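There are two complexes below, and they share chain A, which is joined by chain B in the first and by chain C in the second.
Now for the complex of A and B:
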């Protein structure tokens, strides 16, 4: 149990991205966190960010998105550029899905792709490294090196595999996504473990894991609410901003089995309502995959 | 200068210090390392001064209190580089990668080898062992040439880094530690205290010193001890000081033990798969090749803590016939004796670790285990034996799993498996004495004997404000976690769901209300629960999650308490079933008059003592009564209430409240005449 601190019971601020003045090459950097009340209960949160997810190997990506973006899916740089300029995302989340393939060993491509996407974008970048525990050490080092100085948001640390992500964050100055399986105690435990490794508390973003709407989202909502309530009540180990990635939404039956003409609309609707609910539950960043969801979320946030 | 055989280590160090002092006074010119943002890193970390020239060096040396590491670094910075393949000073960019592997666990410790080994082969063996154990090794001095001569391949890729041809180049080992502390540990330049803390706790390093160090080098190596680095003297000439003499073959193990460095094993070398996936798989009689115990033969298991020197890590001994010496379908006697040693091991942990034997053997694809102690029953499947699984492999499995799961508590495990009947019988008598002593220790442990209880918040996943407080005399309400279990769980996972709860002053000793417990529960329940009484079900009872083994509920009509267990499906005299009652009291609420409890709590001296304890119990389902049977009878006899057992009604003697009233009046149950509960 953590004693209430004098810091005013606010959620910690986490800085993402580094401008030239801050040692990086981004045109803007973002600061998330800083809330002192439940979302939408008083002042509107200053900054809610919508990230568009892209990947380096489209074989492991939802077909509905692949079909929509077409050739972009074979060019992470162009895809990232379009995310910012065409689709209007606040930032890009780059997923190294290539690490899912059997016998992956193209480690140098990881650093190269990270650099390529950084060059194609002007805003902070989220990087999802390895999908395979055995590859963690090599992959996260390349992600870290490739983005040195840019204050990436690196994912994803979990309770039994957080060391490589933490090491990359420490060695190359990045922030970390800490994911726990819809459990407030495990979220807290992981944050403590990361801090013990040396990751400062203001470089951790909690991912409470997001179930799809209609497929368990209420558990995610409830755990996000509890994390935030505990933080506002003074639990410093939970006082971090949250990120939500409702990735499961694109594989629900209703989206998979929609008639072709409805498929995009169905995918966007499912992503949109889940992601928007995650904002309501307290997320600072939501990550979606369908480009049209970005537009809808941005519009909804303008109101 | 190298007159060491007749000379003491301390004298050599002193002479070295004088020489280094003199050279510091004579130092001149610019001083710098290339490609680093940390100037002269040791000096920078210790003093906060970024030294650029000799005058700055002297100032820093003075400020450091004449720290010899500072002197050696400044002197080295004035000397220039070394030819390939030596690395000399390692630039920041490379160091970042080294530090990364240290933080992410692909390297688990650091070693520095200096001096000139008497036998190059022995030094090569040391390096091989360092590599096998995931240690990153730095080399300086004659050892480099000796290793190259012995055909050992050197370089960062081999985790053997040749710093330079003189042992003095070992100073780069210190600048690496200093930079890792500043880069990864958040250590601020000039903050010696955190630097030493980081070096002692995080950067686990040791030095192996071969013979032939000069006085200056001896003084430098000795100065590393300030960073908590033990110096192992592998050879002649370093007697009479604080260095630890070792045979080269023992050097790595000793260094690892001294620094608490442990290798994590991931693959167990046995010819069958081993995973929790197989835990629920049983081996039926017709699938079995051989079995042990289960009533057919004598068998037992025993885990004992032993002194470190009595345990040879990984050693498995089989005494008696192996499984391939017997026919299919046979039964053999079996003793599983596991000896563990560890700096943090305690006798109290023995039973907790011994329980894991059951789990681990069931992890084996072709091995199966039930029960505990001298009641065990173990089987190996035909399929497994055909694949080459032997009883010896069970030992290997246990040794590895125990090391893997309890890395902080166990430094070494050896397993002895005995299948010789007469031997097993002999050992069995001794094992039974150990079981008896343990029972006495746990049974004898009272709440007043300890200052700390433990919490369990595992169930907050679904009962967000529930907090279990576990005491020696009140196990968790699920029955799965005793106070000892919670304590070891906390030691193994310090940030986990079992936290120490300081009990502090008793607010009320009879009700079991303690100020420390109240404070803890208030925080852990997120402010929902202010007070709890550990020994009462009426005044501020403990909350319940939903996992309770039993429910105790007040029966106002008879001024008594009934207990119903989860496995009883019928109705209680309250007109409600277990599940109806459970629905009323779970979810993390305090429900006066109802509590969730474990079966063992019923047998505790602290059982609802605020409500007169066991004497208030008027009803229990027959299977529960039978299960508690002799233990409950003994408890009652000890309290002078031998006749009470028969006065507790069950679903046969009293299915309804009317029957219960009649039954209790007939047997003159003491609850009827006690003070009113409500």
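Now for the complex of A and C:
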């Protein structure tokens, strides 16, 4: 369990990424979790990470981001490098959108892209595999294999499709994102399922799922708060750090229908406020897609 | 108009074009199995078009049929419409069959015989010019002399007065009067010639949504003379309560009332014949039914119960004369219906409570009555809490691919060898299996869980390399019986979807039990008894019920099946008038908790949607048992 403390129970610490000493090639590894109190109460470790999400097939990506990053969107390696060096993201989340196309079978490319992005970056990597039960097993195996030893954060496990992710995480030593639909009980159930599959509790990060601010985020906020309160009250099955990926934010009506001149600013604003709220709700990692959101978040978190 | 012919017994019926085959089958007097009420959702009304045509969207309902069935012209009777002359084969499995209905004589020794109706044999002085007392006064005085009530408290209906003078004179002033205790006084029900005091009978009836059970008692010596049961004929107007109420809104109440009385009368007639008595000598009928059934029987409009704000017309105990509603007993026999707590906690549940004796105990009892809907009552002699909800049709065989009611051929018990995954099962009547009924499904769930074939959400682990564990057409599935073992010519399976439906059903029940416990400030360990009422509960394996988390974990010796509590309660209220008198007061002190209005119920439900529960500490013994099972099996199924 967690180390003992007279300040109450702590959220389990989860290590992401592996340095050479830890068996990987990252220049740094991050440890998230370890909180003993609610967020922003002054007693928390400063371990808030901003992840910039990129993809391997930009056809499935918000136009507002595509327009902003231009050609980078066709080169996951360069895009990832820019995320880290130009945009200042703490880490990259690589989303294999290519698996969404009909009849996808380019499994070799999955491993290759994973390796390419790892080579282009120096920090830990989050990998979002397929969303298709038929493909899961092979996609997660290739991601897992491509990043063996690097302690990826591999997503996404859900209650009805968690075995493939768990198997890849176990086989290649990665951590797992456990996503449940905005419900404290379902979050707990999925963590139990993963543990019963053999995934250690200190390799699970909860994704309570969310909509954009104004589009259901308030439900996620209260569920995140409940998850954290239950954990601090001693529920070991919920004592994991949280990740939030409000990925619908860039397609809300206010962004889509904004006048072209304001669209970019609106996208960043909407994404920024949603992401910042997710930190306030207790997330350790928030994933965003617009590079300028990363900048604003980093600045806001410095205060 | 086109003619529809139903095989195998060649029943012919003419129906208008556009009528469904289900309508036609009903018109031909066939009782089709329509769990969903004819909405094309359950797939139980399978028929084959042999000749002619019917309009049917086969692709839309393809999931209900096997390839072979498609080749034979499979249709759902409820969704196929007549377009011309048609010949339809109705397989036996699509008809409602004789069901396993609970009929047992409950141990009622501790209930003293004290009926509300009594017979008084009177010998009267004939009137004369010196004694000009009218006939009625003369009779009532005679009754009082025999220990009966004072004349001024006895109401005499006009019907009796009309034949009274003839009876008294023909009999030479030697007659037997039947007097019933009614609210606010007494009622002279009948006057017969000579001494008939030996022949005083009463009937207790469980008016269920699906089945009717009747007991006939001798009220002079407290013996059960006969019992009978049959289907509630209202099934032809819809399988569940809601569809009955909708039927009554569309097509009128009178048909449903008529079917209810016909169903009761059929049971009473069968029982009376078996007992060798005349139905006319039944002087009291005690009926326990849910709130809607009671309304329908009495011809009271139930429509306002199914729409906001969900109000019944009446909750208290009602009495009327048998003749008023066409019950086949003496026309002045008192017909009593149990009071209700709410729309959802009806007279049948008050009868259950009476049967458990929980209202007389200091320790808390939890009573659960499970059907398509479930009702749960927690309490003791001081307080009582109740709630009700939808358990979904899964426990009665609906929404489960091979689910069925407890008919012959239903698998009712299952064990699975954890090493070989070979199931062993028993079926009702010992015939080849053709489906699985509720108790079999709960067993199956518990056994698949113990054998680690399913995870705690009920997901089947397809990584298990075993011919019985396979990917079905739509869902992963487990083969319970191979084609050659069954009577349905296909592999009998349980799918992951079935399992998830079952888990939702059990979660609703467990969540409700926990809601009651929390409202009372009790923990599962504080319950001294858990009583299952109803047919489902009676055949349920207690251990399996606890293993899957259908009920809170309790030592098994505290779990009791009380059988058909509704009929037992009706029996008690029939033979003991004091118990009956307390019913209104009992019903009034039961607090009803509206689960939909209780925000914590959804939370409890979701945490119960896990085997046995998200919080394993609520199920310490199940946890130990499961760990032992897993240790024995090593890492076979749960190590990826």
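Throughout what follows, the second predicted complex is superposed on the first by the 293 of 303 C-alpha atoms of A that agree within 3 Å, B and C clash if a C-alpha of one lies under 4 Å from a C-alpha of the other, contacts with A are read in each partner's own complex, and residues count from 1 in each chain.
Just so it is clear, a residue touches a chain if its C-beta (ideal position, glycine included) is under 8 Å from a C-beta of that chain, and two chains touch if they have at least 3 such contacts.
Computed from a prediction, not measured in an experiment: that's the story for all the values here.
A.B. asks: Putting chain B and chain C on the same copy of chain A, do they fit or clash?
C.D. replies: clash
A.B. asks: Applying the touch criterion given at the start, work out whether A:197 contacts chain B, chain C, both or neither, answering first, second, both or neither.
C.D. replies: both
A.B. asks: If you stack the two complexes on chain A, which partner ends up touching A:144: first (chain B), second (chain C), both, or neither?
C.D. replies: first
A.B. asks: Which chain, chain B or chain C, is in touch with more residues of chain A?
C.D. replies: Larger number of chain A residues touched: B.
A.B. asks: Between chain B and chain C, whom does A:167 touch in the aligned arrangement: first, second, both, or neither?
C.D. replies: Touch partners of A:167: chain B and chain C.
A.B. asks: In the superposed arrangement, which partner chain does A:115 touch: chain B (first), chain C (second), both, or neither?
C.D. replies: In the superposition, A:115 touches no partner, neither chain B nor chain C.
A.B. asks: Give one of first, second, both or neither to describe whether A:185 is in contact with chain B, with chain C, with both, or with none.
C.D. replies: After superposing on A, A:185 lies in contact with both chain B and chain C.
A.B. asks: Given the touch rule stated above, what does A:254 touch, chain B (first), chain C (second), both, or neither?
C.D. replies: After superposing on A, A:254 lies clear of both chain B and chain C.
A.B. asks: Superposing on chain A puts chain B and chain C in one frame; which of 27-35, 387-395 or 657-665 is the clashing stretch?
C.D. replies: In the superposition, chain C collides with chain B along 387-395.
A.B. asks: Touching chain B in one complex and chain C in the other: list those residues of chain A.
C.D. replies: Common interface on chain A, chain B vs chain C: 163, 166-167, 170, 183-185, 188-189, 192-193, 196-198.
A.B. asks: Write out the stretch or stretches of chain C touching chain A in their complex.
C.D. replies: 455-457, 459, 461, 463, 603, 606-607, 609-610, 614, 638-640
A.B. asks: Which of the residues in chain B end up touching chain A in this complex?
C.D. replies: Residues in contact with chain A: 96-97, 99-106, 183-186, 457-458, 460-461, 464, 493, 495-497, 499, 520, 523-524, 526-527.
A.B. asks: What does chain A use to touch chain B in their complex?
C.D. replies: 1, 136-137, 140-141, 144, 163-164, 166-168, 170-172, 183-185, 188-189, 192-193, 196-198, 200, 226, 229-230, 233
A.B. asks: Would you mind writing out the residues of chain A in touch with chain C in their complex?
C.D. replies: 159-160, 163, 166-167, 170, 183-186, 188-189, 192-193, 196-198
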